[in-house]
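Order as written gives the chain letters A, B, C, D, E and F; numbering starts at 1 within each chain.
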Amino acid sequence: MSNLFIADFQPGQQIEDKVFLVKQKDLRTTTNGSLYIHAVLMDKTAQIPARMWQATQKIYEFIPTGGFMRFTGRCENYKGNPQFIITGLGEADPASVDPSDFLPCTDRNIDEMFTRLRAILTTEIKNADVKRLVDAFLDDEALMRRFRRAPAAVQLHHAYLGGLLQHTLSLLEIALRVIPLYPKLNLDLVLAGLFLHDIGKTAELGYETSFHYTDQGQLLGHVTLATIWIDEKARHVEAQTGEAFPEGVKWAVQHIVVSHHGRYEFGAPKLPASPEAMAVHYLDNLDAKVNLLLEQIAGDRDPESHWTRYNPGIETKVFKMDMLGNQIDSGV
Amino acid sequence: MSNLFIADFQPGQQIEDKVFLVKQKDLRTTTNGSLYIHAVLMDKTAQIPARMWQATQKIYEFIPTGGFMRFTGRCENYKGNPQFIITGLGEADPASVDPSDFLPCTDRNIDEMFTRLRAILTTEIKNADVKRLVDAFLDDEALMRRFRRAPAAVQLHHAYLGGLLQHTLSLLEIALRVIPLYPKLNLDLVLAGLFLHDIGKTAELGYETSFHYTDQGQLLGHVTLATIWIDEKARHVEAQTGEAFPEGVKWAVQHIVVSHHGRYEFGAPKLPASPEAMAVHYLDNLDAKVNLLLEQIAGDRDPESHWTRYNPGIETKVFKMDMLGNQIDSGV
Amino acid sequence: MSNLFIADFQPGQQIEDKVFLVKQKDLRTTTNGSLYIHAVLMDKTAQIPARMWQATQKIYEFIPTGGFMRFTGRCENYKGNPQFIITGLGEADPASVDPSDFLPCTDRNIDEMFTRLRAILTTEIKNADVKRLVDAFLDDEALMRRFRRAPAAVQLHHAYLGGLLQHTLSLLEIALRVIPLYPKLNLDLVLAGLFLHDIGKTAELGYETSFHYTDQGQLLGHVTLATIWIDEKARHVEAQTGEAFPEGVKWAVQHIVVSHHGRYEFGAPKLPASPEAMAVHYLDNLDAKVNLLLEQIAGDRDPESHWTRYNPGIETKVFKMDMLGNQIDSGV
Amino acid sequence: MSNLFIADFQPGQQIEDKVFLVKQKDLRTTTNGSLYIHAVLMDKTAQIPARMWQATQKIYEFIPTGGFMRFTGRCENYKGNPQFIITGLGEADPASVDPSDFLPCTDRNIDEMFTRLRAILTTEIKNADVKRLVDAFLDDEALMRRFRRAPAAVQLHHAYLGGLLQHTLSLLEIALRVIPLYPKLNLDLVLAGLFLHDIGKTAELGYETSFHYTDQGQLLGHVTLATIWIDEKARHVEAQTGEAFPEGVKWAVQHIVVSHHGRYEFGAPKLPASPEAMAVHYLDNLDAKVNLLLEQIAGDRDPESHWTRYNPGIETKVFKMDMLGNQIDSGV
Amino acid sequence: MSNLFIADFQPGQQIEDKVFLVKQKDLRTTTNGSLYIHAVLMDKTAQIPARMWQATQKIYEFIPTGGFMRFTGRCENYKGNPQFIITGLGEADPASVDPSDFLPCTDRNIDEMFTRLRAILTTEIKNADVKRLVDAFLDDEALMRRFRRAPAAVQLHHAYLGGLLQHTLSLLEIALRVIPLYPKLNLDLVLAGLFLHDIGKTAELGYETSFHYTDQGQLLGHVTLATIWIDEKARHVEAQTGEAFPEGVKWAVQHIVVSHHGRYEFGAPKLPASPEAMAVHYLDNLDAKVNLLLEQIAGDRDPESHWTRYNPGIETKVFKMDMLGNQIDSGV
Amino acid sequence: MSNLFIADFQPGQQIEDKVFLVKQKDLRTTTNGSLYIHAVLMDKTAQIPARMWQATQKIYEFIPTGGFMRFTGRCENYKGNPQFIITGLGEADPASVDPSDFLPCTDRNIDEMFTRLRAILTTEIKNADVKRLVDAFLDDEALMRRFRRAPAAVQLHHAYLGGLLQHTLSLLEIALRVIPLYPKLNLDLVLAGLFLHDIGKTAELGYETSFHYTDQGQLLGHVTLATIWIDEKARHVEAQTGEAFPEGVKWAVQHIVVSHHGRYEFGAPKLPASPEAMAVHYLDNLDAKVNLLLEQIAGDRDPESHWTRYNPGIETKVFKMDMLGNQIDSGV
């Protein structure tokens, strides 16, 4: 597949023989009675509505919902948004399709990020019990495979493959720099808490051909899932060492996880009651919200406005301009 | 110990040689320089402040904070509340003390209640997996010992030994009568969910010599604890049967537990998303809140008012009068 | 009219000479200048948008907004939703139209439900004053006619003809089974309160050819209306008996009505301050919310999703799967 | 009774033979074993705690709780608050007691205020139906007697005898001046709505020897009471005129009453949905809140602070200084 | 330009050579492959979608987005809303265009309103310092030019040119009539506070060719802007008089501005803590909300409904009927 | 003054000739008629209630409220709290009193902290305009004198002399380490925003002999004050440079200040709408809340509890134990 993606399509542009993921399709009748197909095509950068005039029932059935297909056609503008007019189509050779072209993905190197994360955790954590608990997670290969791939959210911030890892690593890097400024904080706990605070998202979310909540995720939530897993891993350590895992250590880490949302209305069953839990809560928000704003600005498509659209999660629009430049509208 | 309890003390009454739990003690100086002791005594029915005039440092040290002691003295009124004037004291023979006289306790028979609860669960639940999960809890003797003794709360409703069992049994009895009116609801899930919804309180609360939150309880909460235990018991069943425990069944019960508070601001990490979870949420509230009002009325000490004190949990006073009588003040 | 309803229409299906209620109509110009009609047709099961190509002004005027008409045409898919292409139309013979085909209706027998409700109220209520008050309502034939027909809501739960009666009866049945478990609760008051808690909806809502709020309903609300009516009926009883109706009884029932929403933000002018009022509040919610979830599941049209759409009233999607089956997506 | 009131007492002042209302009394033991009486005395300006040393059981019984008695003694300071040391007491001659000395009362003339209120209502209201409804209230002598005496609240603003009348008249005067600036508003409805918006307080509150909520008031609230009464008066008008009272008029006034609290969390069952209801809501708040602040300032006893105490109802302290003077603390 | 405006267009009406502001334009392909233009046209009364069939790329480019153009065509109905079919177009002579035809404008005379406002402020304010501060604003000609033109809001109440002046003047008129009823309130402060409470909107909003928030307005808000300006003007007075401007006066006025929203959730950094600030808060709301409801009613287009659409700002629909007429639906 | 402070007093300890600040005094009568003095004494570590038996009016008048005095006496326990029994007193030599012993003060070196803060700001900020604005503040000596001395709050976190500087410096140190991890964030703006976000507290709070809100602070708040000052300083820069200060820069910094509270309910007039403002909001909270918990733990006096008292600001108690130790109560 070429490097041309939907987000780059220009009105009037001719598209030749390009593979898309078909998200949805409909067979409809025009006003003069002939059939046409309406579909939604997508790749990792965007979705685009598509129409094929003079279609047949047979062509319609040929198109695979949720599958890949090659399309030819042209892009045009419709009510201020792009739309794709299909003029030809054909089967896509599975061998030629790279799934990662169809879900948004971090632009950082996943292997490098994971190596760095593992290095921080194995080097910086000194307490033997915390270390064993963290190692039990790092040694769970199936889980780590998911952890490297999962997004941090379905939408909002870090909503791309590798996003969870990127967010988590970012937090560890910050903690390494900031926590030593608070000598009474226990760095081991903060690092372990940051590593595990969102790890339940690996099962709360699905991210094979789309980003969505799994049944388990919707029913229990990533906070509860991670808490259960910490229990499980503590027993795993006990089996390894033949000694009781200290309850205080387990509860300290679990408390960070159950309280990291910081407010009841965000689904936190408990509020942060240790300095380490409080630190994790605000570090998490710092990275999540700053990225949210940066991603809002980067993703905004309207070059004429100084502001992004209103975002209900932060109850405001975001100002896109370089504030040290001279681009601001004084209104006078 | 006689059947006379603090709640029954009358102003002017003489008390002879009675055992109390000493909750607190202070040695103070009167205005003319002599020493006196101020203490708080308690039994299962109430607490009472006490004073001993003409005390000595030695007597003061003789009194065990958090322990039992025999007292003689008289009851009087102080600022509208009773107070106890100590005139004599002595060691209490441990053999003569029944701890259950010093924490409030259900007035129903705990053994009978537990037998009935076990009967309902083992008879009414039909699904083999749900049954196995519930049995794994019923077979955990240490846990069931705590379950029979635990209060349902530190204060508010069912705040007495056996209260958790009484509340849980009451819910099962209601469910048996109500759920069959909704044929689409799964009775097995509702019964299992009701049985387990508050079982985490056995570890969230301490109830040996007082009712309080444990560290574990304050850090994690009974909702999270119960969810972890369900996971544990499911693995226990797997070990017994040699077969994978069906995840759907486990999640269904866990979802009832994590959502049973029904509102985020009450610490629910998830809101009820199955009809069974919704039913458990409202049945739980029905029994808890109706009992709360009945207990408020029963516990009210002011015979001159038609209303109890304002209760912040329900944002109202409670009307104590027999509403079908003629005792109401029309205000005209 | 045959038993074929809009909810059953399949894409591609040919519909012959079927009566619909016309909810809305428009005359429009196609891109090549010819006129067409866009309309919305409905019956008790659903609404469907419709188009008639090559229409005339005369045909347009012939169609009665808010009236009945026979249509012929075919059903097709448009943007994932069904649409009806009109190919012929004609007047509907009023004699052939059954209005109950055009508003959703309970599938239970209204006469049987009302007989049962009357039996419970007249048999179970023992207090003479409560009985007289309830009888005054039961004897108001015009009101009872509306009570048998009214829905319990415009949408959400029990939003169908007979829904108010069905919801009320369901609550009485539950109360009969549950209240005796609380010997200190007054069953008479609970039954009267449940009977009357939503009776104001008979005037708050209109339900002749559609479900909507009446002016009176929108201005005053069913809570206030019912409270006024209880006053009226108490005076009616006084006129019959020649004796003053006891104020305490009247206020007890009125308090249940004014407080049954249970929270200020739901428009309750007072919060439940008697155990009976608290019981009515939670019983009402139990039946309303459990039915809401069951109806959400039953009404969901998307067979591919395990979840219904997000419902803002309960702040969640609803899980549709049989939780004791094996249909759950573990996400791993 | 002289013009000396509790609010004027100075530390060290000797009080001779003055009548107080006894709000509360206790018999207690001093540290050296002798008895003393602790009591709370009050008049319309304030309450004061009192102590009588070397008391006897007989003297204690002689003092009437909730009744009047003559006291002699001296005022002193205790923990920054005044306290009264009783040195003598005796029966109070009922003939010499003016009850209005013992509940706070408006300093305006009640008769004049009521005459003015009646004049405004009977002169300014033009619509015959609104006029008849208002007259039915004005003609209810028992109600008007209570209306002239009732306070507008138990505490907060206008919490004195005549306060309801004063608040209501103040609103009518404002409306006469303001509403003509909005020609599309119906002055008749606004005047009737203002007259009746709080009239339920005549029965919601008791104000014979203290200000408190009646049972009826606590159970139903003044909003619901007034709505019921409007219904009653409308039927009264019908009986007089022999014609149906127009429902629209009745609902318009009732809507103003049910919505005048303006927000659900303040117990409004409906929010203002007509311009007249909205006007009444804000006029009511304007007068209530401005008076609340003025009364806070007037009632503040601490001459050293520029601010009153924090008032939770308005979520702030109130600034007491003359803001155009030079008394402000710049903090620099 | 004739007096015909978009709000008056009737379906079927022919429009000849009329100037519109082009808000948006699109070039699209019809189902049979020919091009057409979709645009949105507007004037001060409304917006209307427009279509031009058989268009060309050249015509499309000829149309100026955000500029004026003459159009000929006919009006028709589309999905219940009007749409304009363009049959001809041409350049608009700038000299013939009156910008005030394209933004909604007060129907009162701006010069007369401003003269009256100035008269009130200069005549009624007695305190020399307050007067100087107010004069400093009145003498700022550039600011007063904007003040006369600015709307009071982008939408909701007074959202038209001159709306800010009209709202402010209305408040001054009310204050002149109402404040003297409260002799303890300082009229000077209230008048100054009302004059300045929203003056920051002159820079918070843009209102040249559309109503929108400026960058400055969105970043800082009108409350903060006005507070800064008062500081500036106070220094200006100091420069004129050569004397320190009394801080108490400045803070008194600034406090009114910072607190006039009255509730934190509406962006008030402080809550009203002086009687004058409280008065300004409620007077402001009175005028704003009554006008909001009147404008909702006046702007409602659906003649068949007794109610406007739901308005989230006031959480209700508005009742449009003459409540003293007989038009109300009793629902029975 | 010796190094003995109130916080170190032990029950039974004899205190000789020590200087205290007298916060409050009362002259009272004992039950046997003799006079005694009740007072509250304080130093920078704590307050203690005090009693002097057998006092005289003359001694009472000799004691200066709000002034310093030497006391001799002994410490004892009263209701679980310490109290001081005065046995002698005398004038304090002003020369011997160090005011900093009577208000809590940072334990870090103020000069060193300020030097470091200035170094960061002058070295790290690169943009010339931001630099000039920051310098204008740094060059304001009177302001910087207050900035070095001010606490960051009256209570809660950093409530000690030098606390504002310590909190601000801490934030700058964090920003230096964290912001470079977000290359798209403008470090200059973040540093300037952090420096100025709370600078208004220098005038919002008074901190000469106690910590309290000034009139100006209570009326306007530190957010508004800082915004005004930034305007002032920008004009100051303009006067120096002879060039217009770029509005975008000024607004960028002011936006950070007005939005740094992050939520309307905390008095933020605007919410963070730039990535830099969002970063400042969360960094500020991180440092404030982590310190709040650490200070809660450090200040807790009850050695027997694992938890501090409930803190309403964070809606929880704080866990005091070393979580990696073995001190936790499992509750089982």
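FYI, a contact is a pair of C-beta atoms (placed from the backbone, for glycine too) under 8 Å apart; a residue touches a chain by one contact, two chains touch by 3 or more.
This one's a predicted model, so the numbers in the text were calculated from it and none came from an experiment.
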**OP:** Check every other chain and keep only those touching both chain A and chain B; list them.
**Re:** C, F
**OP:** Sharing over half of the contact pairs with D-F by residue number is what counts; pick that pair out of A-B, E-F or B-D.
**Re:** B-D
Original post:
For chain B, which other chain has the most distant CA centre?
Top reply: E
Subject >> Centroid comparison with chain C (C-alpha atoms), farthest chain >> reply: F
**OP:** List the interface residue numbers of chain B and of chain C, divide the shared ones by all numbers used, and answer same when the ratio is over half, different when under half.
**Re:** same
**OP:** Consider the two chain pairs C-E and A-F; indicate the one with the greater count of contacting C-beta pairs.
**Re:** A-F
Original post:
When the centre of a chain is set as the mean of its C-alpha atoms, what distance in Å lies between chain C and chain D?
Top reply: 44
Original post:
If you average the Cα atoms of chain A and of chain C to get two centres, how far apart are those centres in Å?
Top reply: 41
Original post:
Residues of chain E that touch two or more other chains: which are they?
Top reply: 31-32, 215-216, 218-219, 247, 251-252, 255, 270, 273, 307, 317, 319, 321, 328, 330
Original post:
For each chain, which other chains does it touch, given as pairs?
Top reply: A-B, A-C, A-E, A-F, B-C, B-D, B-F, C-D, C-E, D-E, D-F, E-F
Original post:
Can you list the chain C residues touching chain A in their complex?
Top reply: 11, 30-32, 34, 36, 51, 53, 76-80, 85, 306-307, 317, 319, 321, 328-332
Original post:
Tell me, which parts of chain E touch chain A in their complex?
Top reply: 24, 26-29, 31-33, 38, 142, 146, 203-206, 214-219
Original post:
For the complex, which residues does chain E have touching chain F?
Top reply: 215-216, 218-221, 223-224, 227-228, 231-232, 247, 251-252, 254-255, 258, 264-270, 273
Subject >> In the complex, chain A residues that touch chain F >> reply: 127, 129-130, 170, 173-174, 177-178, 181-182, 184-186, 188-189, 246-249, 251-252, 255, 270-276, 278-279, 282-283, 285-286, 289-290, 293-294, 297, 307, 314-319, 321, 323-328, 330
